[in-house]
Amino acid sequence: MTVAVYPGRFDPVTNGHLDITQRAAAMFERVVVAVYDTRDAVFPIEERVKMFEEAVKDLPNVTVKPFHGLVVAFARQEKANVLVRGIRAFTDFEAEFDMALMNKKMAPELESVYMMASLEHLFVSGRRIREVASMGYDAGDLVPPHVGSALRRKFAR
Amino acid sequence: MTVAVYPGRFDPVTNGHLDITQRAAAMFERVVVAVYDTRDAVFPIEERVKMFEEAVKDLPNVTVKPFHGLVVAFARQEKANVLVRGIRAFTDFEAEFDMALMNKKMAPELESVYMMASLEHLFVSGRRIREVASMGYDAGDLVPPHVGSALRRKFAR
Amino acid sequence: MTVAVYPGRFDPVTNGHLDITQRAAAMFERVVVAVYDTRDAVFPIEERVKMFEEAVKDLPNVTVKPFHGLVVAFARQEKANVLVRGIRAFTDFEAEFDMALMNKKMAPELESVYMMASLEHLFVSGRRIREVASMGYDAGDLVPPHVGSALRRKFAR
Amino acid sequence: MTVAVYPGRFDPVTNGHLDITQRAAAMFERVVVAVYDTRDAVFPIEERVKMFEEAVKDLPNVTVKPFHGLVVAFARQEKANVLVRGIRAFTDFEAEFDMALMNKKMAPELESVYMMASLEHLFVSGRRIREVASMGYDAGDLVPPHVGSALRRKFAR
Amino acid sequence: MTVAVYPGRFDPVTNGHLDITQRAAAMFERVVVAVYDTRDAVFPIEERVKMFEEAVKDLPNVTVKPFHGLVVAFARQEKANVLVRGIRAFTDFEAEFDMALMNKKMAPELESVYMMASLEHLFVSGRRIREVASMGYDAGDLVPPHVGSALRRKFAR
Amino acid sequence: MTVAVYPGRFDPVTNGHLDITQRAAAMFERVVVAVYDTRDAVFPIEERVKMFEEAVKDLPNVTVKPFHGLVVAFARQEKANVLVRGIRAFTDFEAEFDMALMNKKMAPELESVYMMASLEHLFVSGRRIREVASMGYDAGDLVPPHVGSALRRKFAR
């Protein structure tokens, strides 16, 4: 059985993240979305997990879990054999290249696969959405509806 | 069932191509290596197919087939749902980016996944091997043994 | 008066080229589309000019002309002060960077401005369209209608 | 009438910024330099605005204004139809690519145009100048004279 | 006599840094490793200098010194005519490009040369090692033995 | 003794090539300019060698020689321990990265060093010069004077 881990900060989950998850769920038997438990996030870890869970509630083979530490350690614990990464653009790829080689060194049995963002999500990142939302733009159509509401509450003045 | 197509010129198959094939074969149920039938190759299409077949003869879920025309049309014909691409470096990625978007437009149901070359194959491409072999370098340890012999015969003086 | 030259092979004109032309025409008083008279094109120069003219017939401040030789010489002859270039992706940009510096050296008075392709045209180039059309794909919705017909006639079997 | 907004931190204005402003002022009827009101700047917003104003006092169609929040909102308020961006190198371009697509989403009516830095300013950025000035290098010939004086006062020991 | 300065944070020195130093020492008559005295390092400057000294104790033409301020000023003080930089990947190169042009402006007599990381060190950076070591991974085989011990002590829990 | 080989097509030698040669000659004891004997050049190999020799006649530690086949084989034959490469921009670097790793595989004892083009030569390549010269532009100030004459004769109409 192929178990894939899809790690990220997901601060918050965007339509781009959701798209990658759906595509991975169609390809692999089980997908574990791994939400990185970092302190400098806008949304606390519990809320980031809950928002992603709500977004994938119709995908039976997807689960969402928080993690901290090395993603390869988390993947081992989940008995995953695949690491899924979404690529949006060149800058992303450069960082991935480095990390892929380090991950391979740390966990040779874990296979990394990359999926490109769909055209309509090429410019949609958590960071960009936090940025424009904090400046008063309603990014509601770039994220799932309940995340749009959360962004509005978070940055309401 | 997940059927993956791994297309390329494979002129000739290298250890890097073989590595991607083995890794894809561990992840997907069936892998079809698709050898592009182009006229300007050093090795004729039959020989390129045969050399790849010899290299994967121990992988029961891998088959090797020639194709011409659009890779998305070949993938449909093989009822594949995944397209596997190996990425060696930045230049590769740039070309992939463009092609991925065009392929998505032509066949939205076909998922493209990217796998990075292993460290030891980062610089191994069919083109580079043809180039140095034609100048008298024995590239025998960068390709499967029978391909090394074929290169020696081809470029013997 | 700001006169802009928009040079290219336009073999054939795509919806992406058309989009850049429309946006330039909204910004500058006159736009001269300059079709490069190169011999290794799929469509002869007269046909490329005519296809572009048909596509912009509703834009009163746009004219289409063939040129050969240096684009900076053509721009001088047209009394243009701006050179418009569409950028689709990174590879494009790299080539532009070099050329921009050379053009500046040859014609310091000519200002180059760059406009990014719209999202839906990011992967649409003349080369890609010729390629897939020659393999039997109907690229009709990536080009103006009359260009779609021309492609079908050109690559009919 | 074409009104262009040229946004940036301008902390401080360099000869490179000035060059882009002059070239934009020759191409568009009105240019509004928009100085981003960010707190983590070395020079306070009033001083950054004043230094840029001093540098462009001979350009009648250029005005300098502070702004905060989304640049597209500021552009709308100024009734601008063009956003001017200077590109110095590849890293710049990567960030621009992302932002351009997001800006287009937020303000489809606003056209972004890119101008490349002149050869002699390719390596001149506000960040680099702050960095070397803070380490005691006199960057006086990379900025307008009055900015050179301000840098000397700021980093005097 | 050619004297080369090899500057960096070296927080801590890795096998990749050591490899560049050895290769530079084989090419130039004297190599001065210049450890940048920055406050936000994990290891204090004295310890970073000492760890590098220990790693190169068998290379008679290499010395290790701390520095702060501009690297070109330090190079002048050491009467160096060459600046050695290791390049690991594309992102590195982009930053180098900018800095090289600025350094040339500040010290035209100082020649910068670039050496590429060996294949096995392509993914080994001080930052990556600090990151994975802080998460509990033993990076002992990516750094000299005594640095491995120092990392274990630093991040022991 | 450090012997450096500086290989290229040099079709024709430009001021950029000359600049790299001078800088290498100041750093290494002997520099061998290696002119690649390729058939598809505009200037025949003898002329390319002679033009480069004329350009470096005042540099006593520089010699110019034709070569064909693998550059690493030529370097061995010259007992060189260093390979010098000029880098003009990103595209250059990408190709170098691949080649460097292959060269290291073929000749581990040969050290590759990279030098960046000076600012004023960033856009000057043999290819660009042939291109604009063939279109009637006098590229005389981008190449040594005698090469300018040769270009004028070659492309005279």
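A, B, C, D, E and F are the chain letters, set down in written order, and residue numbers restart from 1 in every chain.
The rule is simple: a contact is a pair of C-beta atoms (placed from the backbone, for glycine too) under 8 Å apart; a residue touches a chain by one contact, two chains touch by 3 or more.
The structure presented is a predicted model; accordingly, all values stated were derived computationally and were not measured.
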Intersection of the contact lists for chain A and chain C: B, D
Of C-D and B-C, the pair with more C-beta contacts is C-D
Count the residue numbers both chain C and chain F use at their shared interface, divide by all numbers used there, and answer same if that is over half, different if under half. different
Counting contact pairs by residue number and requiring over half to coincide, which of A-C, C-D or D-E is equivalent to E-F? C-D
Can you give the whole-Å distance between the Cα centres of chain A and chain D? 34
I'd like the Å distance between the centres of chain C and chain E, where a centre is the mean of that chain's Cα atoms. 48
Cα centre of chain B to Cα centre of chain E, whole Å, reads 39
Could you check chain B for residues that touch two or more other chains and list them? 90, 94, 97, 101, 119, 122-123
Among all the chains shown, which pairs meet the touch rule set out at the top? A-B, A-C, A-D, A-E, B-C, B-E, B-F, C-D, C-F, D-E, D-F, E-F
Where on chain C does chain D make contact in their complex? 2, 23, 26-27, 81-82, 87, 90, 93-94, 96-97, 100-101, 104, 111-116, 118-119
Chain D touches which residues of chain F in the complex? 90, 119-120, 122-123
Give the list of chain E residues in touch with chain D in this complex. 69-70, 73, 94-95, 97-98, 101-102, 105-106
Chain D partner contacts - residues on chain A that touch it in the complex: 88-91, 122-123, 125, 128, 132, 135-137, 142
